[in-house]
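The structure follows.
Labels for the chains are A, B, C and D, by order of writing; each one numbers its residues from 1.
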Amino acid sequence: MELSKETLLAMYYAMLRSRRLDERAWVLHRQGKIVFHISGMGHEAAQVGAAFALKPGKDWLVPYYRDLALMLCFGLTPREFMLSLFGKQSEASSGARQMPSHFGLRRANVVSTSAPVATQIPHAAGIGLGMKMRGDDAVVVTGIGEGSTSQGEWYEGLNWAAVHKLPMICIVQNNQYAISVPSHKQMAIPNVADRAAAFGMPGAVVDGNDVLAVYRVMMDAVTRARTGGGPTLIEAKTYRPVPHSSDDDDRSYRTREEVAEWKKRDPILLFKGYLESKGRLPPALNDDYETRVLAEVDDAQKFAEAAPYPAIESAFGPVYAAEAHHA
Amino acid sequence: MPEMTLIEAIRQGMDEELARDDCVFITGEDVGPRGGVFRATQGLFEKYGPKRIIDSPLAELSIVGVGIGAAVYGMRPICEIQFADFIFPAFNQILNEAARMFYRSGGEWAAPMVIRAPYGGGVGGGLYHSQSVEAFFAHIPGLKVVIPSNPKDAKGLLKSAVRDPNPVLFLEPKKGYRLIKGFVPEGEYTVPIGPAHVSREGADLTVFAYGIMHYYCLQAAALVAKEGISAEVVDLRTLLPVDKAAIVASVRKTGKAMIVHEDNLTGGYGGEVAAIIADEAFADLDAPVKRLCGPDVPGVPFSHPMQDWFMPNPEKIAKAMKELAAY
Amino acid sequence: MPEMTLIEAIRQGMDEELARDDCVFITGEDVGPRGGVFRATQGLFEKYGPKRIIDSPLAELSIVGVGIGAAVYGMRPICEIQFADFIFPAFNQILNEAARMFYRSGGEWAAPMVIRAPYGGGVGGGLYHSQSVEAFFAHIPGLKVVIPSNPKDAKGLLKSAVRDPNPVLFLEPKKGYRLIKGFVPEGEYTVPIGPAHVSREGADLTVFAYGIMHYYCLQAAALVAKEGISAEVVDLRTLLPVDKAAIVASVRKTGKAMIVHEDNLTGGYGGEVAAIIADEAFADLDAPVKRLCGPDVPGVPFSHPMQDWFMPNPEKIAKAMKELAAY
Amino acid sequence: MELSKETLLAMYYAMLRSRRLDERAWVLHRQGKIVFHISGMGHEAAQVGAAFALKPGKDWLVPYYRDLALMLCFGLTPREFMLSLFGKQSEASSGARQMPSHFGLRRANVVSTSAPVATQIPHAAGIGLGMKMRGDDAVVVTGIGEGSTSQGEWYEGLNWAAVHKLPMICIVQNNQYAISVPSHKQMAIPNVADRAAAFGMPGAVVDGNDVLAVYRVMMDAVTRARTGGGPTLIEAKTYRPVPHSSDDDDRSYRTREEVAEWKKRDPILLFKGYLESKGRLPPALNDDYETRVLAEVDDAQKFAEAAPYPAIESAFGPVYAAEAHHA
């Protein structure tokens, strides 16, 4: 389980790429160029650590709206993400019918997601059930926030996974808040992962700002899932350094000091420090990465800005799939 | 052509689809060894085994939600809801997830599945084992809603539903399970989802109905025929998408229209049918558009005198037909 | 009479009811320190404290279910659903529990509570932050459904809802929260639940609407007035119980009727209104009953050209009025 | 906590009374005199043990359909129960609108219940919330079967209780089956009570056939609830010696040997043996009890048979509570 230098740097690059793209979205919103952004900032380690334990193309993903870094690892391109921010034609997840970050990517086994939180959890269980029926040794992973684990949907979905020992992994990204609501108003326990016992599946708490720690916990879970050992509940403890979305103002519910404190533990900062300390990331390489990422992000923005809006007709439908769709 | 009951036809339809396509599976409460509380799945567990006839946990939202996941993965689930009264925990999954999957993903994903549920009153079931729920679902674009009124249609429509690439809600008039008998063609056939069916030609007025109310309407039409009234009876069969053309065509012919359902009047499906007529067949209308429906109380009462008051029956329908004919 | 926005009037209504009766409390997601994502409860946490302004777990079914329990115990909960799109996990509790509590207990128990939810499109919210949900609820005997179209009514109806001994679903047209302004009487007043309101007298045709569509209909009526068409505008305000008498009276007078809502056409509330007219005002009808509604696609698309296509607006309404007047 | 002889005998009598009444219901069903019965047989120790730890009149109960013995302890009379079996006028829980065993009794703080399982759990939490708001040192108790704990409603309701430390006790009566579905298909853990950890509340497993053991566990929970210690999850392990309801046939899903084995551990038999062994229940006393119970049951049956059916008009409503209802 020693990771190669290449892999470590690929992880770092994946985190950086997600971050810079995300930051650009905030800028675009401030500039009034886009109407909405919901961010994955701060969650990059949790997501990239998870992604690197998976086999995109084989494994399935049922993401949630913060999973930008995970999506990029699964093959979403920055151009595609930008199209969704601008609501432009041919947007990959929905044809610009959905708001940004309502992810989905058929070619990568990423199922279309909606806004009502936790609805995706039973879907993940159903995919796992299908895998088991077909003897497919793939794994299905689903992401969710800690607040959304208060929903009955989450409970029921995990219960199915446990009863049928499905190859499913639920990654709870516990960033301590559900919009303004702190987690102690959601639950009377310190760790969501403690709920694993209620289902009869293993649960693990991991530092969600430590990409390697997440990777290790995920590898255990993936191995278990792929070899018939059933589901795992992983809780990655992290923090959202920005407001809930571009519509939010977080000053009413948390102090600036708290935010500043957590920013010191920024997952990219931490991983950069680690790589530097191991001599794996000389300043020149980092600059190189930043340049590459910037070019990607600039290109994506330009592409999306230049892209046309969808034709009105594309709103008409089809509403129903045609007979041959899933033949 | 063997004669059989409505429920036998439904069972046979499922049996044949299970045999035809090994992606088809059934899940729901007590569908396994018990064969369903109404015996719709009797014998199927023995024939297809526990991997394809799956006793679910007692949790409707996840019966449907897991079904959706299996469907997007490529399976063809038939989800049984034990009584239509208990479908509402799954309402969010049906409305926000199954029905919207195709459109929201720009046609990339779809949730081909059948949700079966026995509905309706007159069975001594009181408020919570008698509900008619069709109106809530006939307002969900992306979903299909089917209600058979006889064994032949039931089998043929169910087979179409299983093969349909969209989610189909298949509502079964449970009072008719053993009451309604009819001949079912031997061998493979399907009945298409969509078209209504003129089950009795008439000249003086049209009555629109579905499920067991259609069965009663035919009886009522026979009653009033003795008094010289020629009633056309239209079995709507598919409530969504609605067969506007058939509705309008019949009213153009007879000039008078009446809709019968046991569901509560206000906000019921009859409103939609009446509205279509009042718009598109206005010039041909010779009388007010009438609705004979369950009264606006919050459920069918248990005690039988009250239940009888609630339920439409052939006598009440015949009376209303006569009044309309006399207008 | 101070002028204020729709949302200010709603907030003031809640504030006064909280002050009047200490059985009244508010719960929902982010209603506390955050003051609600739309700021409907802003300042109330500071004023009434955490025991009466309760940030709930992120779980709508229990927001309503707990509200029901509190209501039967003797409290008067106001439950906020953050967006109407997210009310469906609570559908079972609203339909099977709150609405049926009184009838099913032979009048022994009741669930007096208000469920508030912002609804509707035109806000760049895509499929899951734009939904109109009224039709699903206007088919539930035992529930009251109220939709205000202006600040005065909003405050007065909300106060009536809090005092009503029945469950009241109070749907707020969120696009109108800050757009719609108006004068609100000083001091204590209520607006009764039940009666519709003729907001503009006219002779040539009647247009029925509610919420922001009513606001648009008034604008459309002003537009067509310039072309000599005298449109009567009726603000339905209470959708359930429906004010049949007001509907029929207006159509008796004008002879032509049109219903406008942004909710999908098929199975929408307009069908009920049309059906009432086609039955009870048939003899006075001079034209087909028209419906101008959201198209039958599974949601309001995000990208703005498609959103504009979806939404009715004053111009589209005026055009339909002219067509009807010319019939 | 030593129980007096009187109390012990009162417990025994309560169990016997419930059992004999229940047995009579089965007889009436076999005789075709009633259409439906769902039984509390086998559950008497769990319920009576719980009831004796409570203060009827002060504490609140949100029961489920098997809670006959608990209801009788809370003051439901055999006559009232018989009226519900026959669907006769003035039936106490619903005016004969609901099926039998859909309990509710306003005068005894027993909230009206419905059929959809687990909906009562959030209600109980809401009642507990009301008690906490009012400073009422009462306790709310709710009953449920183990299968129904698969519902999200159960999870969400208990979560609220834990977060707000509500004076609520949930008694899961684990009779090993949900209709035909054995508990290992509901959950991948041996004890429902293990789920208490997921909420952060104490959980206790108790032999549900041992009335004194249940009483002791309940006393702990009641004391905790009454003194601000918050909720408790109690799981009483028991067995249903009869089919699920009069509509069920349990031979398809469990062996006669299994049933016979459990009947040896019948809670009434066990408690009788205990009392006899302690010299507390001489045969004459037992005979005396049997005679008294028989007289009560006979009287109740005669009373209900002679009672009139509800007038049809009593089905009409009222559907809505009048303004003054909860003043």
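Going forward, a residue touches a chain if its C-beta (ideal position, glycine included) is under 8 Å from a C-beta of that chain, and two chains touch if they have at least 3 such contacts.
Computed from a prediction, not measured in an experiment: that's the story for all the values here.
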If chain centres are mean C-alpha positions, then the most distant from subunit D is chain A
Between C-D and B-D, flag the pair that has more C-beta pairs in contact.
-> C-D
Centre to centre, by mean C-alpha position, how many angstrom separate subunit A and subunit B?
-> 40
Rounded to the nearest Å, the gap between Cα centres of subunit B and subunit D is 36
Cα centre of subunit B to Cα centre of subunit C, whole Å, reads 30
Residue ranges of subunit B touching at least 2 other chains are 56-57, 59, 61-62, 85, 88-89, 92, 96, 100, 102-104, 127-128, 141-142, 241, 296-299
Mind pulling the residue numbers of subunit A that touch at least two other chains?
-> 91, 94, 96-98, 102, 114, 116, 150-153, 156, 159, 163, 185-187, 317, 319
What residues on subunit D touch subunit A, complex-wise?
-> 150-153, 155-156, 159, 162-163, 165, 184-189, 194-195, 197-201
What part of subunit C is in contact with subunit D in the complex they form?
-> 25, 51-52, 56-57, 59, 61-62, 64-75, 77, 89, 92-93, 96-97, 100-110, 112, 141-142, 144, 163-166, 241
Quick one: which bits of subunit C touch subunit B in the complex? Just the residue numbers, please.
-> 61, 85, 88-89, 91-92, 95-96, 99-100, 102-104, 127-128, 135-136, 138-142, 240-242, 264, 266-272, 274-275, 277-280, 282-283, 285, 287-291, 296-299
Of all residues in subunit A, which touch subunit B in the complex?
-> 60, 62, 91, 93-98, 102, 104, 106, 111-112, 114, 116, 119, 121-131, 133-134, 152-153, 156-157, 159-160, 163, 317-326
The residues of subunit B that touch subunit D in their complex are 29-30, 32-35, 37, 55-59, 61-62, 85-86, 88-89, 124-129, 295-299, 301-306, 308-310
